[in-house]
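After this come two complexes, each holding subunit A, first together with subunit B and then together with subunit C.
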Partner chain A sequence: MTSSPLNIENLAITIAEGDDAVEAVKSMSLDLAAGEVLALVGESGSGKTITARAVLGLLPARASTKGVILINGISVLEATPEQGRKVRGEHAAMIFQEPSTALNPVFTIGWQMSEGLRAHGISDVRERRRRSIELLTAVGIPSPETRIDDYPHQFSGGQKQRIVIAMALALRPAVIIADEPTTALDVTVQAEILDLLRRCRDELGASILLITHNMGVVADLADRVAVMYQGELVEVAPVEELFASPREQYTQDLLAAVPRLGAEPREARDEGIGDVVYEAENLDIVYSGGFRQKPFHAVHGVSFTVRRGEVFGLVGESGSGKSTIGRSIVGLAPVSGGSAKLLGSDLRHARGAELRELRRRVGFVFQDPASSFNSLMTVGECIEEPMRIHRAGSRQVRERRVNELLDAVQLPRSMAFRHPYELSGGQRQRVGLARALVLDPEFLVADEPTSALDVSVQARVLEIFNELQRDLGFGCLFISHDLAVVEMLSDRIGVLQSGRLVEAGTASEVLQYPKEAYTRRLIAAVPVPDPKVQRARRPPTTPGKQPLVQGRLFQ
Partner chain B sequence: MLMYVAKRLLALIPLLFAVSVVIFSILHLTPGDPARAMLGAKASAAQVDALRERLGLNEPLIIQYFQWVADALRGDLGDSIFLRKSVVAAISDNVQPTMQLALLAIIFALVISIPFGTLAARYRGGVLDQTVNGFTLIGLAVPSFVLGLLLILLFGVWLRVLPVSGYTNPFEDFGRGMDSLLLPALALGATISAYITRTTRAAVLDVLNAEYIDAARSRGVGERRLLFSHTLKNAGLPILTVVGLTFGALVTGAAVIETIFNIPGLGSLLIQAIPRRDYAVIQGVVLLVTVVFLLVNLLVDILYGFIDPRVRLAKSGGK
Partner chain C sequence: MLDQLSTPSTSIVQVQNEKRPSLFSRMIRTPGIVVGAIGLFLIALLAFAVPPLAHLDPYAVDPMSRLQGSSAGHILGTDTFGRDLLARILSGAQTSLVVGFLVALVSGVFGTVIGVVAAFNSVLDQILMRFCDGLMAIPAILLAVALAAALGPSTTNLIIALTVVYTPYLARLVRSRAIAVKSEAFVEASLSGGARPWHVILRHVLPNTMSVIVVQSTFTFAESVIVEAALSFLGAGVPAPTASWGNILYDGKSVVASAPQMVVFTSLILVITILLLNVLGDGLRDLVDRRAQRHIAHFSIFGIGRKRRTAKKGGAA
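Our next item is the complex of A and B:
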């Protein structure tokens, strides 16, 4: 028996898929020391999440394992179902990526917290409630005595994640597995959750296995980093060493692909910038909100312009209205007040043929490449669909155009006959870009086009995008929550907060010399992918905060 | 919650209006003269005229409609010329057996389908799942009257443990009453239970794959508790919907089953009224059945609110 709370030795996981078997994890060994945050990084499909699930004994039935996993000396893979159940919650617990799906919508959070305690032999209902309230207080949920009886949907995303963390902490397990704990959250909320996780380690001495693809988060929180690639550990090193001098080629590539704020801003330029293609003036967007429901005011009096050949980056947190503005340009959201001029036509009054003509001249790239294609169509059919809709060109012309575009986004022409689900995420998003460009648009709206992609893939897609934009010279509204990505691509940037444009200017003005407090806060919250820098700029834990250990809890 | 119920109730009004128009038109969509159709070819012109007068058929259509609605609201659905009593009386004489039959059938269906559907989902692909699937297929494929006849043959003719037909009110003689209702309720419930079992299985499977179930599992909650406490409440929403909708199938099914088992219920009343063109009775029964169907589905909506806080506490917002 070793003293470290989590011990993985020669772990191999095979997943049966029909008659085939996929080796998801190939012989991996890892130790997690007491009070340590170990980051497990890698691209999607590298096997990091499945490793985490194996630790908790939560693998699907199709999976078979070899090797040993010890939690506090208990062998998880050999445990009986009842022993496994006891380990979960008591010795190890998990924090999930998406807090809204990790909480059951039809039960109060109090009930759900109490279920975890009940499973570990705390039979007194009042005792369970008392402990749950203490836990909620510890993770910083205001007025926990009343909120404990609320349902998950009544909390914000950040609060939900705090509740999930409270549930994980309930029995003070030695090992906490955090699977992308901040990926679904806004950057300012992310900073708070990272702070909370740090306190779990500092104040409770918990060991955290942090699974993430975000190198900024790694730099902020981790003590050591393990890099996984195609089911194998390629490198394990202390965080500073890994960032300063990565040993393996794969790690070097991974770090190089990470977009950094202020690293490579797009150079300012005037040439190639033409007339205004889109102009919003005091734009208001109100969702009418259905039968007897209050209308929802998503965008308030926003004004900005985009010129031909220029990329305008629109940033903001979720719910700030950035996607709504993008959708209003292609008619997926109503323009309710003010004016929005697209290629000289007023979007508010455009109807029929005029509107169709406008849509022909505008392209749109959707966020999720997995769901924005009809899976019954081939890639070629997806790309040429806008041409068919607008009756542009004969079959031969369309075919030629599809080939041109596949060349342009650097995919082999043979891809035209494949189906979208056969492609990887990055390839699919390149097809999305090709589809948006097929009619040679004068204006392109890109709504978080790379946020569903791995960093290395994202870098490639952004590079292609950048080249095409320069060559073709279309105007672009680039919507993203990722400041570093926006900085790489945009000539000018607008910052949205709760439906209002708080700041706009050239990329360097906004990101390097921000005028507004909100913009500064947003920039400060982005963790820098460099552990030394990040430690220096991390705000000290706010004084006066509730200590995590308090009352009779955890005794 | 009260607001929610009030809203659902208000939403019934336009529905009832639409329903009343349709039912009212039953009489007027008949080809030719409804009075002539009711009385048959042998009736004299004077008799037809008298009936037209009695039915108010000489008034303008819109007046007739409002007259009919006003009467219906007062609880007067007209008279049956064949039964020589008011439609309301005819319905109230026949409503009890049908309600008992329907209730028993639905209870029977729920008692089989919820546990079996849940377990089939839990042990997906296993022997139990496949057996349950097989039975639901049979249940869906075999019409309830065939099943009814088979049941009569088995329990009534061969085993002689239950009566082959007839009806005794269980409120007067519980034992004999239940005996008389058992087979028809079984026959009627079987088809419905096949539907509900399938829905339950699908719904439970859906929920079992949800991340919050894994999340609860990751905190050490046991499998049995996960299945019956954590999952079933979520799965309740689609199950409830199907239960509400099958209520319609229940009533039409009852018409056939009542005829086979010779039970004097609404189904039998309707089946007798149709060939006789007893329009008042047809309208009355259809109206009652529709209103009951609407009320059952209103109840389902309200239960929805109890199960899902997002329905009950619906605020503005949400994407």
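Our next item is the complex of A and C:
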């Protein structure tokens, strides 16, 4: 037996799916050394999360396992429920993807933190509280003595993730499993959380199994990388080696598909750019509050224009109002002040037939391809729906148009008779694009169209999008939080912060020579998918930071 | 390079591409639906086909042979007026099934209309829902008695009374489901394309609400059969001499010691009918709510769930 805190040997996991069984993980062996950060990467469905769950013994009842998982020498798969509970928390702990659902909204965070401590035999209430406060201090929650009695909704997303990390650290486990710990967070917050995780490793000597699909995060944090593909371990290599010279074809493809900031900016062009299709001037958007609730001012005095044939990228962190602007164009959010001119008509005053005519000439691509289709309709019916709404064309015309669009987004025509839930995420988003384009719009709003997709799938969808945009020449408002994606597609970029447009200009102006501090901060926070570059970029440990280990903590 | 990348994504798709079985084949694999539907069909067949074929007359009075046990002439014996009990029970089944079915249908239609209107118009929502609240605040049977008394005794009025009682429950359910569907991204997609409310209702809201309506209506059917029997038992339901399970039970109550067949056989068929309706409703709910089914199958201990699934298949075959 080796001394490494986590050994996985010949692990195979089978999940019963109705009468069939899916082999989620096929014979995988992996060691995690003490004080090491091992990144487990792969597309969704590659088996990385199920592996992590197996490590903690948290598999669903329909899963059956073969092989051995040892945490500090304890075999997890053969453990009794009693031993399993001891392993979880004392020897290994998990950090979840979505901090807002990992915390119970009806209890204070102090209660939730002491719950774990009590389960592991610390019976003194004051002792539990003291430890909880120390942990909160360690992970950087300001004034923890008072905030310990707050409820989860009173913290921001990044703070909630810090609290989840504090809970994971509570019993100082040897192994921390972080399942997409920063996927739900903004880039600037992501940088802070990655820093915190690195300190957990450096100062506490914890081993971290990091599950992620973000190559930038891998480059930033990992020492070694294990690549999974369809339940198999394709390649394991130190991070520098993997990024410099990936051995396997699949790893090469995966790395090539990662969009890199500054790698391939869209060349500036003038031809094909026509008149203004959308013009916002001092645009204000206010969501009216309900009974005795204050109205919410989402967008303040934003001005920009989008011309025909041009892609305007709108970036910003969550809550910056970027989606709200997109939604206001198609009438899903109110225009409360200033003016918004769409195809020559003022959105504030357009009514009835005029408004419907405007909708016909505008397309919208939604973020989540899983929920934006009615699952009772076939793909063909979903694509032709806008035509039915506007009573455009007979049945034969519609059918022909659906086929044309399926060709355009490079899906087989037979897909028209399938249901959306039978398709993969990437295919569904192509259907979403087809639906938005069915009426040949002059203006398209794309709201984070690829943020729910894997990188390799994202690359394909973006490529199709780019081709179609060039061929059809519609103007486009492309909303995204991913600067690299926006750079790839956009002619011009606008940066939003808390509902205000802080900077706008051509893609190269904004991303290469940013004028505003906020833009610079945003760009700096994006981890570069190259470990060497990322290491050099990383700021030296900020002085004055609280050390993680202090006083009597972790005795 | 990108072409190579599309290889993995298609292979993932193939897992999901397996054709989902059709609605019919899923229905015949749900034992509740098969048992409930066949059972109810048999009861309906007995009720509507047997009396004319066997020349059973539920109104033929024969005072000389009151309260007789079963014999060649009267298979289940006779009642307090010497009428053939089998004929009475089957005729009562006609009444119960017709009343239950019509109440389920009419309250289903009205409940859907009210629910959808409430979901789409906030002013009407307040008015309609407060009205429903008011009706729901009164115990079902009390309201039915009051309405039946006010409208006067007849089968039609009984149907009207029961419809008034059950419509609010369905309206509430449809409203909450419709509001949930209304906030789905696919409805936003439709609205952003310029869809009128009418289009959203017909293409998105109603199809996605239909499952809830069908399931709830089945349970309404079962409940109105019970309440109809209860009302007739109390004398506020189907007026004599029309046969109804409720008034057969009422007649049988006073002679339960000397002629128990009246109460026993009528109760038996009443219980069986309600059971079949509930089994059918549960089956439909299983069919509609795939998630519930999956949970039953998966959160099993020692593989009992999997055995159950195979057992289900055996039951369906």
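One rule holds for everything that comes next: the second predicted complex is superposed on the first by the 555 of 555 C-alpha atoms of A that agree within 3 Å, B and C clash if a C-alpha of one lies under 4 Å from a C-alpha of the other, contacts with A are read in each partner's own complex, and residues count from 1 in each chain.
Just so we're on the same page, a residue touches a chain if its C-beta (ideal position, glycine included) is under 8 Å from a C-beta of that chain, and two chains touch if they have at least 3 such contacts.
Nothing here was measured: the structure is a model prediction, and the numbers come from that model.
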If you stack the two complexes on chain A, which partner ends up touching A:Ala93: first (subunit B), second (subunit C), both, or neither?
first
For A:Ser424, decide between first (touching subunit B), second (touching subunit C), both and neither.
second
Per-residue touch tally on subunit A - higher for subunit B or for subunit C
C
Partner chain(s) touched by A:Gly45 [first = subunit B, second = subunit C, both, neither]
second
Return first, second, both or neither, reflecting whether A:Asp368 touches subunit B, subunit C, both chains, or no partner chain.
second
In the overlaid three-chain picture, which partner chain does A:Ala119 touch, first (subunit B) or second (subunit C), both, or neither?
first
So, A:His153: does it touch subunit B (first), subunit C (second), both, or neither?
first
Intersection of the subunit A residues that touch subunit B with those that touch subunit C:
none
Which of the residues in subunit A end up touching subunit B in this complex?
56, 58, 81, 85-90, 93-94, 96, 98, 101-107, 112, 115-116, 118-120, 151, 153-154, 164, 167-168, 170, 289, 292-296
Using the touch definition up top, name the residues of subunit A that touch subunit C in the complex.
16, 19, 22, 43, 45, 60-62, 229-230, 249-250, 253, 256-257, 327, 330-332, 355-360, 362, 364, 366, 368, 371-374, 376-377, 382, 385-386, 388-390, 418-419, 421-424, 426-427, 435, 439, 454, 456-457, 459-460, 463
Touching residues of subunit C toward subunit A in the complex: what are they?
1-2, 4-6, 8-9, 11-13, 15-17, 20, 184-186, 188-196, 199, 203-204, 207-208, 297-301, 305-306, 309
Which part of subunit B faces subunit A closely enough to touch in the complex?
7, 210-223, 225, 229-230, 233-234, 307-310, 313-314, 316-317
